[in-house]
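Paired with subunit B in one complex and with subunit C in the other, subunit A is shared by the two complexes that follow.
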Partner chain A sequence: MSFLLLVEQLLNGLQLGVMLFLTAAGLTLVFGVMGLINLAHGSLFMIGAFAAAATSVATGSFVLAAIASVAAAVVMGALVEVTVIRRLYKRDHLDQVLATFALILVFSEATRWLFGSFPLYLNIPDYLAGPVTLPGGIDYPLYRLTIIAVGLIVAGGLYLLITKTRLGIQIRAGESDREMIAALGVNISVLYTLVFALGAGLAGLAGALVGAIQSVQVGMGEPVLILAFVVIVIGGIGSVKGALVGSILVGITDTMGSILLPALFRLFMDNASASSVGSSLASMLIYILMACVLIWKPTGLFGARA
Partner chain B sequence: MTKETLFNAAVVLGLIAFPLWAWSAEEPFLITLATRVVILALAGVGLNLALGLGGLVSFGHAAFLGIGGYAMGILASHAQSYNPLMDWPFVIQGTKSMPVIWLVAMTVSALAALIIGVLSLRTSGVYFIMITLAFGQMLFYFAISWPAYGGEDGLPIYVRNSFPGMNTLDPIQFYIVCAVVLAVVLVFVWRLSQSRFGLALNAARQTAERVETVGIGVFRLRLTAFVLSGMITGLAGALLADLNRFVSPSMFSWQFSGEIMIFVILGGVARLFGPVAGAVVFILLEHVLGGLSEFWHIYLGLLLLAVVLFARGGIIGILTGEAQKHG
Partner chain C sequence: MRTGSLLSLASAAALCAGMAAAEPVKVGMITTLSGGGASLGLAIRDGFMLAVKQSGSTDIELIIEDDQRKPEIAVQLADKMIQSENVDILTGIVWSNLAMAVIPSATAQGKIYLSPNAGPSALAGKGCHPNYFNVAWQNDNLHEAAGAYANTAGYTNSFIMAPNYPAGQDALSGYKRQFEGELAGELFTKLGQTDYASEIAQIRASGADSVFFFLPGGMGISFLKQYADSGVDIPLIGPAFSFDQDILQAVGDAALGVHNTSQWNKDIDNPENKAFVTAFEAEYGRLPSLIASQGYDTANLLLSAIDKADINDKDAFLAALREADFASVRGEFSFGPNQHPVQDIYVREVVKEGDVYTNKLVGLALDNHSDAYASECKM
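Moving on, here comes the complex of A and B:
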């Protein structure tokens, strides 16, 4: 196995991690502030991807497509929060799981009804296509590097938003004591809608960015949703820092596992069974990682409350 | 006699009368539909033991359904190819006998539930939901990437397994086998919920500290409930695989876990017949709405949303006018 391949996989892992972070950040914020477990978050990811694909077909501009993805997800997120999600904050987790599971059914089928069952394609714009040569002579797709950069910029922006702005102070206050900040005159229901829409927008952006690598289709949100859950459980539910660490950890574990494990088993097995055992184990690896973290720290790496 | 008992009696009557009518009207498809209801209800009864009685919101019960299914698939595929399952240290042959398959399915599910339970019950709340989901996904991806038994394509079984004294190829006879299994399990779960164990489990769901204080180990209580719950759902998995004569990784999928949960909630959490009523309504909706519109999941979603938001006692709660069994 060459060094170049390892570096390339490491970058792929980083790219997957950054993309997961965009999805997981909203999920963990919504849980931290409102105590809500939202399965329909993957649908917002899907809505972003479809909005981007449709806009790209209509205008041909990738930037407009990305903006449309955020806008569509924010609007849809706010709409769902006001009509349905808001009624679930005081309910137990079981009700939240079921109601948001029901929302997935509605969103997926509505999207299938609007756009059909065939996947759409979102093209990478010309100025982002093709490889760049990194120091050390590694050719890596420019578009994937862009995703990493966008993700890191968003992570930085989110950090500033939460630590430096008034909204961020309210979000942090909302996490620690809801009644108190309501008593201090903060309009808590507007704050909740804002947080939900913010998370939705991030998921929508992730959908658009990933949509250009994969195909845009109904059901694309669910695998990402499950991965994002793994991420926030590892990081500690409610912690944005935990979501960042968890995303990178999951992204890198997944991509590195899929090449390192078969290679590891090849040391003491024949080729065919090594790759089958190795890839079986690699596909389970992040769930094993999650189970290990939870056994070691039952509330995740940076989690405070259960 | 309470309204709920009356309702339960009506459900039992329906589950006896409908297939008999379908049999006399020579509608084998409707009998198969009823068999599906009974098997899915059984899976729901399993989940309800953990979720309703124990308050353990498991979002990974498809794991046990899949394990039961694959136990059947693996044993039967070895029997149909006359290839022993294991030659060393002793020879294990595949089998086509349902009772043996059920026993294996339940044993393996119980073992899996024991391992998953020991690890998951260290956490609670959302973390429990998520870790059970993760174990389900783990098995899902394992089933997909494990090539020996069909991998992603699944594993077909050409002839339905046999039950002594019955011809299981006849839809009505297979229905009777499944319905009797459901009846036996329902009686077992009912007795269990009335027993000292059931009462303690119920109390632990409400206030774990008090139960701990009177000297009952809550962890062991919950673990036992989780294992029993996994066993029942595993048995349902073996039957479901026999009904479809096919097992595939989709039995492990998290959507399936969600569906089993829907049966329980739709019918009414912690009610003995909740999952049965839920499964009846779910299959009915699938059949009726599925015939009306290709996009029937939209209506299912909206209905489910309405039940969660406005009818917290489930169908039984609405029909009997009693509020939730517990909050």
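Moving on, here comes the complex of A and C:
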């Protein structure tokens, strides 16, 4: 196994982590501030991708497509918050899970009704296509580097938003004591709608960025949702910093595990069974990581409360 | 009095017989019409219904249900169709894991199953059954053809890759059964995986001269787009599933020039195929896919048997099915001893015709090919 392969895999892990962060950040904010388990977060990811694909076909511009994805997800997120989610804050988690699961079904079938069952076309723009050669002679796709950059910029922006702005103060206050900030005169329902729409917009952006290198189809959000939940459990529920660290940890564990484990088993097994056993174990690795983190820190790496 | 009652009995019997002849054959179609795999189920349904419509036959009563790609739902639907709807024939399942959950129990209960897609090896060898027919292929077939094609194309060092589930394992063993060269690497991916950066990095580092991959549906779209963007230019080979008409438009340029193996293509030169392609496009406004052709052939096989035998005479009906006396759109078609197809498998290349991405035939991979399990089948 060459050094170049390892470096390339590290970059891949970073890119996967950054993409996960965009989805997990919204999920963890919504959970932290409103105490809501939102299974429909993956649907907002899907809505972003579909909006981007439709805009890209109509206008041919990837930048417009990315903007449309955020706009569509923000609008849809706000709409859902006002009409459905708002009624769930006082309910227990089981009701929330049931209601947001119903939203997944509604969104999936509505998307199929609008766009049909066949996957849509959304491609990387020409100016971001193809590989670039990095120092050290690594060929790496420019588009994936762009995803890493966009993700890190968003992470920086979120950090500034939460630590430096009035909205950020309210979000942090909402996380520690919901009743108190309502009593202090903050319009809590507007804050909730804003936070929900912010999370939705990030998920929509992730959907558009990822949609260009994957397949834009109904149901694309659910696998991402599962990983995003793993990330926020590892990072600590409600913590954006935890979501960032957790995402990158999950991303790197997943990609490095998928090459290192089969290589490890190849030392004492034949090739075919080493691939099979190694791959099976590699796909479990992030869940093993989650279990280990929870044993060590039951509230997650940066979690304030259980 | 006595003669009177005998007479009325006789006329009642005659009436019953008459009704039985007029009674249509009840067909239960369980297929995937919602969720991520819906495009495949829709293709089967559309192909099947087109054939029934073209025949003008009133002998088929079709009940269609959605299995949502979930084995437990498929089993419930099959139970309902067998016990309360009392269907004669079941068909429609796309996925091998669902097929394994439904088919053995349905055939054991005396129902006939016609598979328009899934052909798991377990049902082709020791688990074969007189009531089970596969109209598409045994799962390994297209992968075997890909291995045979790699030999003729002069490849000697392949990197091979498939998802880690039964059909993926069948795919790699199918390829290895025919391929005579070395393996530069062998990899199992996660089922439903969407990011292949890690696999592509390993392909780049492997020094292979060809890459064989089996990644059906959305997995294939993701892989092809990422592969094209990675700058790795080792030629790809695969079975038709990642290059089927309904998903090629979503892959776009990334698929151009890739060779893939299939028992059908829209330019196979026979009158039935031409009529099928024209009629399908007229009916649904899109080109038919491989899977749609399989649905179409399944319905035509069934119609040919209905013309020859009465569904209530089970043995005669099964014999009529075994004859496979219908004009398949893929050309020559017959059943082997395990009631799986014996057929030619072709090599296709992805091309662009105007604005539409599609395939054209470039050669024959395997001639009159059966499957590796037929000899284990004892019927």
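Here is the rule we use: the second predicted complex is superposed on the first by the 306 of 306 C-alpha atoms of A that agree within 3 Å, B and C clash if a C-alpha of one lies under 4 Å from a C-alpha of the other, contacts with A are read in each partner's own complex, and residues count from 1 in each chain.
Please note the rule applied: contacts are C-beta pairs under 8 Å (C-beta built on N, C-alpha and C of every residue); 3 or more make two chains touch, one makes a residue touch a chain.
Given the structure is predicted, the values throughout are model-derived calculations rather than measurements.
Once subunit A is used to superpose the two complexes, subunit B occupies space that clashes with subunit C.
By the touch criterion defined above, A:G130 reaches subunit C but does not reach subunit B.
When both complexes are overlaid on chain A, the residue A:S108 reaches subunit B and subunit C alike.
In the superposed model, A:I259 lies in contact with subunit C only, and not with subunit B. Of the two partner chains placed by superposition, only subunit B is touched by A:M290; subunit C is not. In the superposition on chain A, A:G156 contacts neither subunit B nor subunit C. Within the superposed three-chain model, A:S279 lies in touch with subunit B and with subunit C [touch as defined at top]. In the overlay built on the shared chain, the residue A:G60 is in contact with neither subunit B nor subunit C.
Only one of the stretches 145-153, 181-189 or 199-207 belonging to subunit B overlaps subunit C in the superposed arrangement, and that stretch is 145-153. With the contact threshold set out at the top, residues 108-109, 112, 276, 279-280, 283 of subunit A are in contact with subunit B in one structure and with subunit C in the other.
Of all the residues in subunit A, the ones that touch subunit B in their complex are 31, 37, 84, 87-88, 91, 93-95, 97-99, 101-106, 108-110, 112-113, 222, 226, 229-230, 233, 237, 276, 279-280, 282-284, 287-288, 290-291, 294-295, 298-300, 306. On subunit C, the positions that touch subunit A within their shared complex are 34-36, 38-39, 42, 164, 169, 172, 183, 186-190, 192, 194-195, 197-199, 201-202, 204-205, 217-219, 221-222, 225-226, 229-231, 246-247, 249-254.
Per the touch definition, subunit A reaches subunit C in the complex via residues 1-2, 4-5, 8-9, 12, 15-16, 108-109, 112, 117-121, 123-124, 129-131, 139, 141, 143-144, 210, 212-220, 223-224, 255, 258-259, 262, 271-272, 275-276, 279-280, 283. Only residues 51, 57, 59, 119, 122-127, 129-131, 133-135, 137-138, 141-142, 144-147, 254-255, 258, 261-262, 265, 269, 295-298, 300-302, 304-305, 308-309, 312 of subunit B touch subunit A when the two sit together in their complex.
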